Amino acid sequence: MTLLFKIPDFLEQGITIAITGYVIVFAALVVLFYVFTAVSKILLARTKRHLAKEGRLDQIKEDEIQITGEVSAAIAMALYLHTLLHDEESGKITIKKISKTYTPWSSKIYGMSNFNR
Amino acid sequence: MTLLFKIPDFLEQGITIAITGYVIVFAALVVLFYVFTAVSKILLARTKRHLAKEGRLDQIKEDEIQITGEVSAAIAMALYLHTLLHDEESGKITIKKISKTYTPWSSKIYGMSNFNR
Amino acid sequence: MTLLFKIPDFLEQGITIAITGYVIVFAALVVLFYVFTAVSKILLARTKRHLAKEGRLDQIKEDEIQITGEVSAAIAMALYLHTLLHDEESGKITIKKISKTYTPWSSKIYGMSNFNR
Amino acid sequence: MFDLKRAFTVFGIIAVLALMNIVFVQNGYSKSADGMNITESHSKSIAKESPMEGLAKFISYTGFRNARAGNIIMILVGLFFIFLAIKYDYEPLLLIPIGTGIIIGNIPFFQDGGINLQLGIYQDGSVLNYLYYGVTKGIYPPLIFLGIGAMTDFSSLISNPKLMLLGAAAQVGIFLTFLGALFLGFNMPEAGAIGIIGGADGPTAIFLSSKLANGGIINGLETRNLIGPIAIAAYSYMALVPVIQPPIMRLLTNKKERTIRMKPPRAVSKLEKVIFPIVALILTTFISPGALPLLGMLFFGNILKESGVTKRLADTARNSLIDIVTILLGLTVGASTQADVFLTSQSILIFILGALSFIVATAGGVLFAKVMNVFLKEGSKINPLVGAAGVSAVPDSARVVQTEGLKYDPSNHLLMHAMAPNVAGVIGSAVAAGIMMSFLM
Amino acid sequence: MFDLKRAFTVFGIIAVLALMNIVFVQNGYSKSADGMNITESHSKSIAKESPMEGLAKFISYTGFRNARAGNIIMILVGLFFIFLAIKYDYEPLLLIPIGTGIIIGNIPFFQDGGINLQLGIYQDGSVLNYLYYGVTKGIYPPLIFLGIGAMTDFSSLISNPKLMLLGAAAQVGIFLTFLGALFLGFNMPEAGAIGIIGGADGPTAIFLSSKLANGGIINGLETRNLIGPIAIAAYSYMALVPVIQPPIMRLLTNKKERTIRMKPPRAVSKLEKVIFPIVALILTTFISPGALPLLGMLFFGNILKESGVTKRLADTARNSLIDIVTILLGLTVGASTQADVFLTSQSILIFILGALSFIVATAGGVLFAKVMNVFLKEGSKINPLVGAAGVSAVPDSARVVQTEGLKYDPSNHLLMHAMAPNVAGVIGSAVAAGIMMSFLM
Amino acid sequence: MFDLKRAFTVFGIIAVLALMNIVFVQNGYSKSADGMNITESHSKSIAKESPMEGLAKFISYTGFRNARAGNIIMILVGLFFIFLAIKYDYEPLLLIPIGTGIIIGNIPFFQDGGINLQLGIYQDGSVLNYLYYGVTKGIYPPLIFLGIGAMTDFSSLISNPKLMLLGAAAQVGIFLTFLGALFLGFNMPEAGAIGIIGGADGPTAIFLSSKLANGGIINGLETRNLIGPIAIAAYSYMALVPVIQPPIMRLLTNKKERTIRMKPPRAVSKLEKVIFPIVALILTTFISPGALPLLGMLFFGNILKESGVTKRLADTARNSLIDIVTILLGLTVGASTQADVFLTSQSILIFILGALSFIVATAGGVLFAKVMNVFLKEGSKINPLVGAAGVSAVPDSARVVQTEGLKYDPSNHLLMHAMAPNVAGVIGSAVAAGIMMSFLM
């Protein structure tokens, strides 16, 4: 770690911390990656074993156990678009609802605004 | 309070506390019991007096004023069973609803999840 | 500020504070009054300018830009009356709902009362 | 059933005898003599005790044994508050927690000889004491104002800003009460705190009294802790607004004035509603920085509401947050009326001053409306009843105006007009509180 | 995919090697020698460090390096709690936060040489430490009781007050456990706190132990901090009520008794429901002022609920407020089981005493019901199974009664009757806690 | 109306004259001379005062009199934040509270001569000061993480764990910014706190700066209180992610890369979703115990959500609880920008470093995705745009990815894939924060 210009001591130590730190962040997420790949495989194997016991394994293809998620992707997309729409809409509804709680912090209105939510 | 074997001083004092304490717990709930039996009677008497004033007492039997609560018991039971059902059902709904708030802590999604609740 | 009877020193100072204070409270709300009258005028002028640019100013009368609010008054009144009605009604509903959460602080009932709100 | 009762009588007689005994013994109770003995017996509690001695000791700790007349009186007051709230629907969200708090704060407990069972609101380490910090440190009121801001619609104010002045006029109650309190011998900061009762605004009253009459030394003057009486007075009279205001309104107006019809307010644009809290926040707190904790939060809440993009925050501020704070505030303010602290002659003076301040404030609003009418041309006149709403006491005083107006013209709805001075009154009394802090702290 | 994995192996091997190394090194870890060195190297942290030294230092801070067997055991316990909650639905609202709290509280961290990274619940300045104040100062339990009051319906109690006595009878578990704890060598205040496990009521147990066994000096006696073990024992056994109670109920009753049918309770008027919490608040706290923080809040919540005019406050108390407190309470009680503090011989004793107390309490309730039946005339007899609900553990013990009852007569629904002693048991154990405070503080 | 206005002019002129006067006088205002006089006059406040003197004194307390250029600048900044939030919908839940907080924190008030009116956030006893504890003690961020955990769905991460690495890669912004800050002369702990801006995660930034740059002595080094500038920088750039990221994303990718389509993720079972937070909690905090307060709470929240048996707790955590904390956090972080504390040269440096860190982080994510593609076989390649989401800034950076992706292929929805690194980025920066604490505290 020899640079062209002289760097102060504390900066050198800083570089140590930075490198070590970045490596550890990676390590943490790599470990998570490995563990979760493993967990998913174990769960899949368990499901297969269960199905095998019940003698239904041959009826079902690998693909069907591990659903590709196209459907869920479609749903997610629909939800996303819905959210975008919803957002603006909710803005409007907010205003309407607010105009409705006309009188302010009456204890009676307290009750009402609560009731209407 | 002489026991067969020698008990240390603090244990003797403990026994005092235990006996006194248990008596007082009983006393507290006995007092509540008496008071509430009395309150109920007074309220019943008041209702009767009101009815008498209006000249409707003879039309109504004691039993009808003090509803036996068979109906309320039936309702309670229905609710209990409903709860049991509901519980599992609510579990399912939870999952569905959660899967709906797809993207996480967006301020926009904040708004949405709030809107949908 | 000479009164007929002798008032103690601190009371004289109190009078100073009272007068100054009351003047300032007025000043604060007078400033707000002026500013908001101005803000409203500026916003109105801006709206007119926009309309003028689009060449639609002559089509619209002053009155229409600055809606007299008869409608909003009517709505408010309806809401007010609605509130009055609602209040009593909500009282009734409260009781009904309460009788429904029959069993108390079960974790299971926790979930249920939440679910039903 | 009858058999069972007989069996219970064994227990019952023990209990009743014990209680009787206590009640009678208590009449001869003297702090110096008897109290010492109990303390002594307590300090020996580690020593041997027979069951009867244990029972006797326990009895010395019961409420029956430690109750004073003051406790019983205050408990009755608490019950009365609860009764008012349930029976007449007078500000139940305030009176139920305060009423219950009064009862809880006046359950008698043993505290002689420096023994601290951590029960009372003034005892270190008790739950009530921890929750009471929110009152003594002035934390709850700004949070209440946050929620209020998030539920207040300033439209009526924006559409007819001149009605704002009625909200200023009614604050005369604050300053006259301040003078009255000085006259009755309260010192400067105390008088300032008492004056704010005339603002007819609970959180403002608690906030200012926590700063000016908290039992500490304020600006060189030793003050008494008057938070409890001031808060109770403010809330009591706010709940009683439908009783206090109508006679004064009738006294100061004639039938012709009471039937004046006002032009319906214009519609207010969304932009105006967004600009209002921002501008009002900056202007009012520049003029009276002492009002910052209250008005800063009030307008912050209103920005959350009107911005249209923070609906979920506004919802929480005006629901869970304000509810939680209301519960804790009401409970602890109620409990702070522990008889030995609360039942004093100055509490009575505070209640008298408070009643006067509400009357003066109402009169101030009504009369100023009449003054304004002198300058206003026909068709723009203000119905002077509307002036009464300037005291704040939101929204009850606006409702009173509406009700009174309908009595003399069943088709003249004044509610919308009354909302403007009503809301302005809140701003006005918060500004006044800030001024008091500047002058007196 | 396969290619990518190969690439990751570079990282993977570094990580795994490092971890392996740590785990092995740790076995030879000694606080005196090695610990000092780490501290020393820490104090020099401003000096030069090569990347390898930096990594080494970091590794000395990891959980792998600082873990003790105790941590692993407690983490497994936490996982087991979560498993029980999800799989068997045993009190999930308690066991999930407590279970996760146990895991969080037992993540190992570096704390040698007085270095405070502000992570552990017992380290000043850590978030967990701040949140734990609510436990150690006894603030959370009364707030939980407020929410419980706002969701409890006392109708069954009001309609059949004699069932209240079953709730008193079952408190025998508290007092016998208290004696048992004294016998096993705990001192007076500690024994009082341990006894309350028999009350089968989590918040009450936490409240009393925060007063009597908090590590401070109570009434001249030095106490250990037993809040953690007491709370965990109380909640564990409450979750296990469906396992603990049935055998005892069967042992103490015969088939004829188990099939006794009880008259359906009468309907209760709204007025009675309003009066109940007010009167009960005053009576119980007059008798046992120490119960004020708990019973005051419980009945306050119930007044909010039953008054009918403070619906929004009751809603907030029984939803947001109790949820927030439940989350924080569960988390911190769980985290307070940090292995080095929790895994002691007295914790084991407390667990044994706790189990016995639940058994004794159940037996107490059932047997007292049988005693009452001696005095009750035919037709008014009590099904002694209902007595088991007197332990509180609301509502699980009432459900257990219902389930057991149905086993012997599938049309005999006991749930409604069991609710009365169930709720009375809560009042009873709070009164008992108050008594313990009066005697022992 | 015109008549009335004339009448008001009386008041108006008084007010305007007064204000004019103040503004002009203020220009010649000098702390040493004039300030002293005011203080003197204050200390004599108990003495006699004429109304004019009283008014003069009050004026010396107004915001007009005490305003400095810095206050006005900061108020304009606050207004700009509010404008951005309302007009462009940039993170309104953060910018509205922070913007309003900036205004509130910069309302000028009198504080010469040690007079404490308990108004400013840095004055003992003020409400803002009490609420600010949640920031300075690092309590709010973990509670925010609890709520975030209760609303986060980790499915996308579970279904495609390799995308997790993108969330690690983007944390390069943290460490390079740390070096940059050291280079610019900040000391070690300060530099660590500044670096975390690159984590693009507001609560994490506040948490770490409350530990490392809080104005106290950290590991032997005196630090300045940089919580305000760091928090404002982090939130500002998070709000500006849609402005900052796209140019960098375009610069580092070619059209072919930007149109890569990715396989839709597989469905994730409920069991996997329950196991994930538990395992991730244990693993990440064993590796970096310093991340415990943040990641412990994040995964605790997620367990509440995914367990399926604690729905009501999860609901409260992700609604009332997070909302209340968001309001208080935003308000106090905003108010902490009081001009005299905030407008310093280091704040400017922090803003420059912050901007660079976001750029570096984005580049890090995108470039690492390209590196991964070298090892991945055809059909499994990652669209490098997705790498930009690794900075966290949830969910805005994921939305940016989606928007950018659609520009080059209107049917290529990248949102779901971007969620994985987005969420991983949060974990990554919390781990990094823990590492910083281990090294620097």
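Worth a mention:
As written, the chain order gives the labels A, B, C, D, E and F, with residue 1 at the start of each chain.
Quick note on the criterion: a residue touches a chain if its C-beta (ideal position, glycine included) is under 8 Å from a C-beta of that chain, and two chains touch if they have at least 3 such contacts.
The model shown is predicted, which means the values in this text are computed figures rather than measured ones.
Using the average of C-alpha coordinates as each chain's centre, D ends up farthest from subunit A. Residue numbering shows that subunit D and subunit F use the same positions for less than half of their mutual interface. Between subunit C and subunit F the centroid-to-centroid distance comes to 32 Å (mean Cα coordinates, whole Å).
One finds 41 Å separating the Cα centroids of subunit B and subunit C.
Taking the mean of the C-alpha atoms as each chain's centre, subunit C and subunit D sit 20 Å apart.
Multi-chain contact residues of subunit E, defined as those touching 2 or more other chains: 8, 46, 54, 58, 89, 92-93, 162, 165, 188, 287-288, 308-309, 311-312, 315, 319-320, 415, 435, 439. Multi-chain contact residues, meaning those touching two or more other chains, occur in subunit A at positions 10, 13, 17, 19-21, 24, 26-27, 30-31, 33, 76, 80, 87, 90, 99, 102-103, 107-111, 114-115. The touching residues of subunit C, counted against subunit D in their complex, run 10-11, 13-15, 17-22, 24-33, 35-37, 39-40, 43, 66-73, 76-77, 80, 87. Taken together, the subunit F residues at the contact with subunit C in this complex read 8, 11-12, 14-15, 18, 46-51, 53-55, 58, 309, 311-312, 315.
Interface of subunit D with subunit F (complex): residues 137-139, 142, 146, 162, 165, 188, 211, 219-221, 274, 278, 281-282, 285-290, 292-293, 296-297, 299-300, 303-304, 307-310, 312-313, 315-317, 319-321, 372, 375-377, 380, 435, 437-439, 441.
Interface of subunit B with subunit D (complex): residues 1, 9-10, 12-13, 16-17, 19-21, 23-24, 26-27, 30-31, 33-34, 107, 110-111, 114-115. Here subunit F touches subunit D in the complex through residues 1-4, 6-8, 45-46, 54, 57-58, 61-64, 66-67, 75, 79, 82, 85-86, 89, 92-93, 96-97, 100-101, 103-104, 107-110, 115, 117-119, 125-128, 130-131, 319-320, 323-324, 326-327, 331, going by the rule given at the top.
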